[in-house]
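Right after this note come the structures.
Both complexes below contain subunit A, partnered by subunit B and then by subunit C.
Coming up: the complex of A and B.
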């Protein structure tokens, strides 16, 4: 069996919204990173990761998300997460991700916040 | 199931229902395991958010074993058990590998400071399991490692 995480990208000005669908493991994390870096290279200043259609993220996937966050921080950009399940939200807080990235309940709130920052 | 894994259901001496499942050490097999945990969680009408926590703790136990156990039989032996204690229903997951074992005292605890802008991004598995489950008991030796995790309904 294979659990492929699909990632869709959409631009709203200089904010890129990446929406995931599926299990974020190492492959899923790497696909998010690939698309995130492509958006940064093409001029995106801020990223919003919408995890509405993801119910499981493992610690390997989260470690890759942390690398993406570090790259965004190095560029003085913004990264926000939205639409997390309670379990993913809890796991992000356990690993300290919530100390470095903002988490919003909706995509609209996340986009508005990073666009204004 | 794909045929590479095998499962059987039984009732143990305390009356708890249990399902045994053996999975190979192979990519994404942890997701096969989570389906069994979800099925038994739904059987006892556990809240979906709690089932998600069990699933994620199980994923971490499996990928830890896949990466570090070096199991001699290249398998993980899982038991999913539902029972009742002090009038509370619970879902229990046992993850057993026949690997090299590890010394829990030698595992450096992770921290956000070490993870961010630092050298150690991995190593969160045990911390995540302990945070998401109500109890986690680990015994490890030369014969392998057994992780027993319980979540109350």
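Coming up: the complex of A and C.
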């Protein structure tokens, strides 16, 4: 497994889906933030982060995700996570990410939920 | 007496707040930039800047206003008198949280606004700073909680996870994640030191074969925050700046090595690994060691269980091969027994009532033990039963068995066998002994003769030949055919039971019921060997002419 995290973005109306592949560390977190802010600037109202291909997240990555979450909340937008491994799911809940962002088992459910909100 | 909002003081305060409110509220700008904008608006200064503490000095964080080409200083010393700037300490709770620098204040002091801004903006800055500290402390506490939960979860998942590669991923990923490392490698070894598996995130820290000889101290994690230039426990790691490595061991036996490298920071620099990181990695290594050992023992237990099941099945097949009962043939008394030392043995005996009141009998001892021997016994059994009606003589039967084994036996093994054909009415015994240990013929008068080998073992040589021998049998003559597990049974002094003891026991039973004689033989051998474990099957066939 590579330590380099790749992020792919896909737009569905005003919902942007960012799919990660790899380690969400400083580099991975920065890449997510860069693409997330670009999506927000281009009119996305809600973000879905699909972590299906990510098995590892460190505290730096989490702190960047919190910054992204705060930015989305400042803009009265929505952020949802989906397809988390049980370990990452538990980590996000403990770190407080789940307090302001919802977690869904599938991407379809996450997109549906934030689009309707 | 207090002032009501309609007093001039309240009115001035309301005006001040209104001037502050807009720049402070909302906006994506960081707080220092908003504070500088608010100070500019309230004070009427040409430029305003916020300086925040960083190490030993005050560093400019934000500037607001039109300053032309002259930049305000990047850092400042509050003790230094600067005529062009009014410096206002931003205080709260007796602590200075920042400095407000105002340039070009109207009237030189801004009409006394500067101290008010110092208190108001100081309070906001302090609140922001404390809020950030609380967030950082909360993040730290939650991170520690994740560590504890990870150790707990790892213990649970490792306890139930018996597949070593999944175990390895779990341990490696959690170790890298919780130490904020950028990369890591986990290597596990077989018990004989061969590589079992290697998992890496990022570039492998060391060629897998070098992990086996990496002399990390047992029970200790090694921190090397100069790994780029200094060897780590004697080994130079090429692809990292700082590293932390720990052996995975059980009872001093090295099972593997867990190593992580290059601890990340938010600004992209590589941080030193700390003793807390080392403790955490050691905890993971301990849990991994226990789990990997459990998985290994579990695999061994499953393998043992599988072998035992196979042996039980083979033993059941072999029990079907050995005669369930002895035939009744006029003029002949019989007794037979076989005692395998394992669940399945390599001894075989059989009896074949033939035409004209004749009886064929066979005692065979297959080379090897366990399943391969049992398979060969099964092949011999098939061969004898297929060929016995075809062969016209005893020697022809043995030749046919030999050919059959060469053609069909799955394993290249051989066997010794004694095949006898007794004709009670004629008082005659014809036999072939293919490399078998000598049979005992105890004559009615008590004299003991031995019937030696008449050829090589069956299946040993392609062009083997056997000789058929015929001896006379008188009433009361007792033939004892056996396998060497009886005569070679050893006691604690490493003495063999031997042919003499066997001859004596059998001769003593010359006129006794044969089942009783057989029991006596096995009892004497067991008594002789006592607690010494025996490694060869024991088979006995007694034939007496009535």
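By definition in this document, the second predicted complex is superposed on the first by the 115 of 117 C-alpha atoms of A that agree within 3 Å, B and C clash if a C-alpha of one lies under 4 Å from a C-alpha of the other, contacts with A are read in each partner's own complex, and residues count from 1 in each chain.
Methods note: contacts are C-beta pairs under 8 Å (C-beta built on N, C-alpha and C of every residue); 3 or more make two chains touch, one makes a residue touch a chain.
Since the model is a prediction, treat every value here as computed from it, not as a measurement.
Superposition of the two complexes onto subunit A shows a clash between subunit B and subunit C.
When the two structures are aligned on the shared chain, A:46 is found in touch with neither subunit B nor subunit C. Applying the stated contact rule after C-alpha superposition, one finds that A:99 touches subunit B and leaves subunit C untouched.
In the superposition on chain A, contact is made by A:87 with both subunit B and subunit C. Which of subunit B and subunit C touches more residues of subunit A: that partner is B. Of the two partner chains placed by superposition, subunit B and subunit C are both touched by A:60. Using the contact criterion defined above for the overlaid structures, shared-chain residue A:72 touches neither subunit B nor subunit C, since it reaches no partner.
Steric collision with subunit B, judged by C-alpha atoms after aligning on chain A, is confined to one stretch of subunit C among 24-32, 96-104 or 222-230, namely 222-230.
With the contact threshold set out at the top, residues 1-3, 23, 25, 55-60, 63, 66, 87, 90-91, 94-96 of subunit A are in contact with subunit B in one structure and with subunit C in the other. Residues 1-3, 23, 25-26, 55-60, 63-64, 66, 74, 87, 90-91, 94-96 of subunit A touch subunit C in their complex.
Only residues 2, 27-32, 34, 49, 52-53, 55-56, 59-60, 63, 110-113, 115-117, 121-122, 124-125, 127-128, 131-132 of subunit B touch subunit A when the two sit together in their complex. On the side of subunit C, the complex with subunit A involves touching residues 28, 138-139, 142-143, 145-146, 149-150, 153, 169, 173-174, 176-178, 180-183, 200-202, 264-266, 268.
On the side of subunit A, the complex with subunit B involves touching residues 1-3, 23, 25, 55-60, 62-63, 66-67, 69-70, 85-87, 90-91, 94-97, 99-100.
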